[in-house]
Structure formats: structure tokens, C-alpha cells
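Notes to accompany the following structure.
Lettered A, B and C in written order, each chain numbered from 1.
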Amino acid sequence: MTSAQLIAACLVVPAAGAAGIALAGSWPNLRESVTLGTAALLLACVLGLLPTVLAGGVPQLFVLEMLPGIALGFRVEPLGMLFALVASGLWIVNSVYSIGYMRGNDEGHQTRFYVCFALALAATMGIALSANLLTLFVFYEMLTLVTWPLVTHHGDNEARKGGRVYLGVLLGTSIGLLLPAVIATWAIAGTLEFTPGGVLGSASSATLGLLLALYMFGIGKAALMPMHRWLPAAMVAPTPVSALLHAVAVVKAGVFAVVKVIVYVFGTGALAATTASDWLPTVAGFTVIAASVVALRSDNLKRRLAYSTVSQLSYVVLAVAILAPLSVIGATLHIAAHAVGKITLFFAAGAIYTAAHKTEVSQLDGIGRRMPWTMGAFAVGVLSMIGLPPAAGFVSKWYMLAGALQAEHWVAVGVIAASTLLNAAYFVPIVYRAFFRAPQGKAHGEAPPAMVLALLASAGATLALFFFPHVPLALARALPGG
Amino acid sequence: MIAEHLPALQVVVPLAAAPLIVLLRQPGVAWALAVAASVFAFGASLVLAAEVARVGVISYAMGNWPPPWGIEYRVDALSAFMLVLVSAIGALVAPYALRSVAAELPREQHYLFYAVFCLCLAGLLGMTITGDAFNVFVFMEIASLSMYVLIALGRDRRALLASYQYLLLGTIGATFYVIGVGLLYLVTGTLNIADMAERLAQVGGTRPVLAALAFITVGLSLKLALFPLHLWLPNAYAYAPSAATALLAATATKVSVYVLLRFYFTVFGAGLVVRTLPVPEILIGLSIAAIVTASLVALWQADFKRLLAYSSVAQVGYITLGIGLASADGLTAAVVHLFNHGITKGALFMLVGGIALRAGGVNFARLQGLGRAMPVTCLGVTLAGLSLIGVPGTAGFISKWYLVLGALEAGHWWLAGLVVLTSLIAVAYVWRFVEAAYLSAPAPGAARIAEAPLPMLAVSWVLVAACIWFGFDTSFTVEGARRAAALMLGGAP
Amino acid sequence: MEAFASHYSYFVTVLLMAAGLYIMIARGNLVKKLIGLSIFQTSVYLLYIAPGKLIGGTAPIVSQAYQVYSNPLPHVLILTAIVVGIATLALGLAIVVRIREAYGSIEEDEIIAADVGHGDRE
């Protein structure tokens, strides 16, 4: 297959998979086989693109001209490659997990669930591989819309409320801020193509600052405060949704877009030459710290994980906003590192819920003795979140810190140091509780094997990324400005 | 031979179908004739559009009387575009009507519906294709009178009152238009639009010309439901039979907008309308009022059909906003939105007609949990609703894109902000439907509701698919609109 | 005064127009509203026809004997407009008949009151 065909396959496979899942809706085993088969096929397609990209190639696919001069087109560059790899790789793991979770909890509307999931992956691929802002925007909105049925899966009042916040914030920011930013970019630059070095060279510093603000707050999925409210609201969804979408696909689409906009629309060099982005590290740093504090005070496990995600996402924004080459590499690596770590934590939370029906941190006394595998994986995830070896988070944090020091950005250094302490403060007690307190309540074992298998796989990936970070690192280094 | 007379046949075929239907009376035959006439009109419009893209302007002398004495039919980029929209909607509503009309009207009225439907279509097409200002009035009245009848055919007795109110206001509007045309005739001594434009360029902005402009603006604003002259619209749309609403909402106001564009940019010329008079400021002000108030009012409607009707008032505001910007991008936005909103609202009203048929009404109480009973219909409403909002990947997005671009290029940052903010109100009212259909427990008895009849569903989904298609492939809509905009601005002296 | 004398047809037109519009707004009776509408439309007929009249002009006969003739076009146009007006009036009256059958009244306020009573029956 040519690389253009592979790109097309990356989009068509999950979409066709969604149709297949819908058709197989009446036969659960067949339906789940279709999901797994689609996920495997998608990963194969993405992997098929990898050698070309690692060799420095830039595969492209032009579909049609949406507006005069603006194509619906796709181009695989290193950052998008990495994002596509993470999302499609974790989809397989997550599908295994979903099957265990959805069956273990007797959830309803399972066909709709898997269909929307596959569509969400199609949208994610569209975002990852997009060649210009308009294509990215189209798939960005599509991702919001197809994940809404997943967030409101339970269909009760709480889900409805969560769904409203979810949609309100995400559509509000993207239509209200991001769309004007995109159109203004078109009006100023006359192109929306992602170009190494940026396209906004001629604009004044004030215009750049305003545009940057529109982009940063308009990309609501990156959950920069005060646009973070949708993420805790989305936690009403079943845990597999929180795991893949609200720890990986959706939120990473946000920070991915942020990195992409800063690197390919503004250009790190061009931005560093002005004062337009000076406010951004401060806002991101504030989000890191504030979200950590909220996480510290949350007793609900998923809520704590959600705020931890808000905080970790802002690491990426912070790192890229420093504009130093090493920190851009750190930001890119963190997209992958946080993904595998956080999905492990969510998998564990879902496993605990399925096996023990516990949702609060204060109920977890001694659970590590009953669910040793689950909590062991959880501990690996925690190491990654804090940024300790031998977990993936260490590598990305190392580069971020190195970048901050290289740029002599002391605020960022302080924020990273302080937040590491805060991360430890809200995660370590959970692990302590789980293993060193006496168990309470009636006895239970591990969650269904499919779930345990999935969470062990993701924990393994978290460790593997520490020991073998070559591919992500190679991709990150290939980034312009990285 | 036939091809040569296509501009005339475009109007004459549906016009002749009407009396034929009345003579034949048999409901099935009447329907078949209406479908044949509207499909023919659609085919003719496509051929004409292709021809216009090739040669530029087609001029046809009606009855072989050369213009400016005889009546000229004139097809250019703008009118070809409108002809395609109107006849496409007609060709889709006609097949849709079979099951819908059968369910909503007593059998003895069926042939009347189809006869009036053909008349209405002929009137709308005539308004679009004719190059004679007075002829526009005649076709306008043919279309309007048949619309009054279509609305009065509604089952609810309030349809009668809605029709009566529309008749009063519509006639006032048409009469105002005639007064304006009369004044122009006094000044120029011609009724041919192209001729009038040439002679007006020499006269300039004298007082009778300005008075004519004012009368025509007010008259057409009534017809196109520009805020605050929109009061006839919500009731008319809400109580008319479903098939009639689909036709009206998708075409009637749009054709009036077309006539307004014609007069502003072809007859008076951008030089007079835009640069010496405060028309853009007034239009922008009224459009904003329309968008904001009608969107908010829509939000509080208890009936989904009424909600959509108020949304139409708001959407007309977006169109007139584009006209008010009076730039290439603004006019492109206006013309593109004419088309995109036409197909979006057509799809929505058709699907809503299916719901009304099965659920007995489209009050929000009846929509509870309908996503389970009518999944295909509800998915269609949701997708078309996304186009109404202007979500990327749908036709509505393209309109919003040009509108915001036009506002930014005119330096109106606040206007661009307003357009996107009001889109969010649209999110709220579309999501009222989505939440009712998917997140509410079904009302008792809703389990017996079946999916809408297949022919209705199929036709509606053609439009839903068009809403998506024209969100990606914009070569027809945007190219057509850009050519039309260039024509309008280039026509300025 | 001279302006009035030479343009009095316009003043009559405006008077009729205003009277028609006033009736439509001020009267609650649906038939009277239609009468107002007709008066309003009639004023336009006058607006078109009056300027076509030339003092001493004849019918437009193509002959050397007649140099001054009235413009025939407005007459033709207004003939069409009259037809349209009659059609509108007929349709309006027909709707009023149907309204009376449905509501038992042709007074606007009574009809609206009747609907408010039934407003929730959907």
C-alpha cells in the first residue's frame, strides 16, 4: 500500500468498523470481535506509516477542496504520528478492558457505546493526521459530538447535567473562540496549512497575543483553566470512556492541537521573538498547581484522576509555551507518557468499581491485598504521574525540566518542582492505603480477567516507555523547534 | 428546439400542471403529475445552470417580444443558483408529500394540494427567472396566493388565522413592492430590470428613486420576514401541513431575499445602496436584532415546529447580515446561506413532519424518548440540527465561515463574535431536541410509535445527506455563490 | 397651491393608502380588514394610472392624426394588478368564511380569546 492509501485507511477503518459494529449489534460476541479486529487493523495501518515518518518522509493525502484554497487534507508529521500511535495502540488495550467492564457491570446500549467509540477513534485519527487547521477543526468538533453519547451513556439526570457542561464548554470554546481564531488566521496569513516555522510572520505582537489567547482558551480540550470544567463533568461516563477518551484521545487531541498550533502556525522561533506568549507559562503553571490542589481535596477517585489530568495537560502547554527546543521535546513525550500512565490509573479505578463497587479514595483501605495486580499497576501509574523512574513520566519530565533550565525560565522550574510534590501528595496516600491498611467490608477478588489483562498491559507500556523511549524520542526530535 | 425554450418551460410546466391536476382530480394522478412537473423543473434548472456556467447569461424573450418591451426571462449566475435550490426542494417535497398529505388532509382535498403546490412552485421559479420587475410582482402573487391556500389547508384551525394574517401582511408587502416598482417606472419608463439599471445609473439618487428603494425594501422585508416584520412567519410555519412547511421554509423567504439582492445590486447598484445610503447599517442592525431575539424566543418554545420557525427568522437574519456587509465575502455568505439554510430547514421540517405523523404532534412532551422509537428520523434531525448550528463538516459551517470572514474583513470584530455567540444559542435549542429524544424516558404509549414511512424518510435523508455533503464538497455552493457575488458587485456602476 | 393642483392625484393616492392601512390596523373585524386591504391596493392602481393620462391625449392609435396619446402600459399593468387584487380578496373572504365556521366569529379579539382557551389542547 502507498502511504496515501494508508492514511485513508487510518480514517476509513474505524469508520467502517463503526458501521460493522452497528450491523453486528444483535450478536455481542461478533460485535466485540469486530471492535477488536478494527482496532488491530487500525494499529497495523498506523504502524505501516511509521517507517516512512521515521525516515523523514511526510506522507500526504489530499481529499478535496472544502473551501477555495483550503483542502480537506492529511499530512503525517512526527507529532501527529506519535499521537496516532498512542491513540490506536491504546484502543486495543481499552477495547479488551471495555468488554470486561461493560459485561461485568451489565451496562445498557452497548452497541451504541462501541459504535461511538469507533467513531471517536476515527475523529482522533483525523485530528492526528490533519494537514491544516480547518481539517483539524472539523475532526475536533466531530470528536466532541461523537463522545457526547458516551458521556451521557447512563441517560439519567446526572449524565444529562454532565453532558450539558461537556458540550457547553467544548462547543462554546471551539465555536466561540477557536473558530474566530482560525478564520482570523486565514484572513491574516491566507493559508491554514501547518507549516514548519509558522505562517503568521507578518502579524504584530498584539495581534499574535490576541490570537494566541483565542487559540489557547478556544482549544477547550486542553483544559487550560478556566476552560477545564468539562473534564470532571465527563467523569459521569463509564470508566472505559474516561480512560481512553478523557485520559488519552480527547484531552490529548487538545494538547496536541496546542502544540501543533504553537509549532506549525505561530512557530516557536517567531513566537519567541515577540512578547506575545509571555503570559502563557503563567496561566499554564497556575492550572498545574490549582488543579493539583483540587485533586488533593477530592475524595472521589475518578474526580481526583480528572483533576490530575487537568494538571498534567497543562504540563504540556507549559512546556511548549517555554518555547525551548528541549521543552518542546518534553511536551511531545509527555503526550505519550501521560497517556499510558493515566489510562492505567483509570483502568484500575474501573476495576475497583467493578470488583468492589467503591468510588471514593477513603474506601480503599487494604484493597491492594485483595486486588494486588490492579493496585500494583496503579502504583506504576502513580510513579509515572509523579515523574519517578522507572516510569515513562520521568523521561518527559526530565526533558521539560531541562528545557526550562535551558531557557532559564525559573517560574516553570518552580511549578514543575512544586507540582511534583503535590502529585506525590495526592497519589502516594492511595497506594499507602491500599497496601498498608487493613481491608474492610466483605471480601472480593480481582476484576474480570479481561480488565486485569488490559491494565497490566498499559502498566507494562508505562515501564517500557522508560526503558525504550527511542521511537517517541526520535519523533519528538524530528519536530521543527524540537 | 426544447432546449431553446427551456427558460420558459422551467416555469410553464409546473404552471400548466396545476390546472391539469384540477381537471383530473384523482389523488394518485395528481401526485404523479406534481412529481413529474417538479422533477422536470429540477432537471431544467440543472441544464440552465450548466449552460450559464458555460455562456454567462441566458436571455429569453417571452413570446418573441424583444426586451425591453416584451417580458424577458434572464438566467445569470445568481438566478441559476436560486433556480436549482427552489426546484430541487420542489422535486424532493413532491414525493415526500404523498404519505404526508394522505395522512394530514381529507382525500377530497388532495388534488387541490398538489395543484396549489405546482402553482406555488411555478410562482417561485417565475420570480427567480423573470427579468421584468412587474412580472416579479405577478409571480410573487401567484406564489403567495398559493401559499396562503397551502397554509390554510392545515389541520389545526389556527392554520386559518395564520393564513389570514399572512394574507394581509403578504399583500401589504407585495403592494409596497408594486409601489416601488411604479415609482421606478415613472422615473425610468421601463420595467425591464437590466434596462432599468442602465437608466437609473444616469438618473442617480433622486427623491423618487430613494422612495422607490424604501418601498421595495419594506415590501420585500415583509415577504422575507426580516425582523420586526416577521410576525406572520411562526404561526404560518407551525400550522401549515408538513409538506407545505417544508416547501415554504426552504424556498419562500429565500426567493424574496433573491429579489431584494436583485434590486439592491443589479437595479439600484451597490454605489447607491451601500455607499450613499445607510442601508448596510440598518440591515446589520435589524439582522442582529433578528438573530438575537428570534434565537432566544426559539429557545423557549414548547413546540418543536414553532421552535424551528423562530429559528428560521434568526437564520434569515444571518442572510441579511451578509447582505449588510456588502462585501464579496458577505454576499457570498448570504447566497451560500440561502442555499445551505434552505436544505437544512427543508430536511428538518420534512423529518419533523414524519414525527408529527407518527407521534401525533411535535410538542416537546411528545418527543420524550423518541430516539428509541424513531432512531433514523431522530438521527436525521440531529445531523440537520448540527448544520443549523454550523458545526464544521456540515453545510451550515460554510455559511458561518464566510459570514465571520466577511465581518472580520470589514473590521467588525464584535460582529464576528456575535455570529459565533448566537450559534451557541442554536446549540442550546437544537440540544433541547437531542436531550428530549435521547435522554428522556419515553412517554406512555410511545412504544407503539413506528419509524416514519420509508418514502418520506428516504427523501428527508437525501436532504440530510446534502447537509453533510455540502459541508465538505463546496465546489457547487461556494463557487456558485462567489460567481453570484462577483456578478452583483461587478454590476455596480 | 399650484403643486397641489398639478399633483392632486398623488394626494388622493396617499389619502387612500393611509385610509386603507388605518382600517387594517384599527378594525378587529376580519371582513373590514379585507376592505381596508382593497382600498390600500386601489390606491396603487391610481398611482400607476394617473401619470399615464395626458391632457388632450387619446388612446394610443398609430396614425399621423394623433400625436399625443396616453401611455397604455400602466393600464395593462393595472389590469393585471386588479386581477391579482380580486383574487386576493376572494381568497381572503374564503378564509374568513372558514374562520367563521371554525370559530363562530369573525372578530379578531374573540377568535384569539377562543384559541387561548384551547391553547393547551395539543
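Note that in this section a contact is a pair of C-beta atoms (placed from the backbone, for glycine too) under 8 Å apart; a residue touches a chain by one contact, two chains touch by 3 or more.
Keep in mind it's a predicted model, so treat the numbers as computed, not measured.
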(message) Can you identify the chain nearest the overall CA centroid, using each chain's own CA centroid?
(response) B
(message) Let me spell it out: compute each chain's centre from its C-alpha atoms, then which one is farthest from subunit B's centre?
(response) A
(request) Measure off the straight-line distance from the CA centroid of subunit B to the CA centroid of subunit C, and report it in whole Å. (result) 27
(message) Could you work out how far the Cα centre of subunit A sits from that of subunit C, in whole Å?
(response) 68
(request) Please report how many Å separate the Cα centroid of subunit A from that of subunit B, as a whole number. (result) 44
(message) Touching residues of subunit B toward subunit C in the complex: what are they?
(response) 134, 137-138, 141, 145, 148-149, 152, 157-158, 160-161, 163-164, 167-168, 171-172, 175, 178-179, 182, 185-186, 191, 303, 361, 363
(message) Touching residues of subunit C toward subunit B in the complex: what are they?
(response) 21, 24, 30, 33-34, 37, 40-41, 44, 47-48, 51, 73-74, 77, 80-81, 84, 87-88, 91-92, 95-96, 98-99, 102-103, 111, 115, 122
(message) Which stretch or stretches of subunit B touch subunit A in the complex?
(response) 386, 389-393, 398, 400-401, 404-405, 408-409, 416-417, 420-421, 423-424, 427, 431, 435, 438-439, 472-475, 478-479, 482
(request) Could you please specify the touching residues of subunit A with respect to subunit B in the complex? (result) 64-68, 72, 134, 137-138, 141-142, 145, 149, 152, 155, 159-160, 163-164, 167-168, 171-172, 175-176, 179-180, 183-184, 186-187
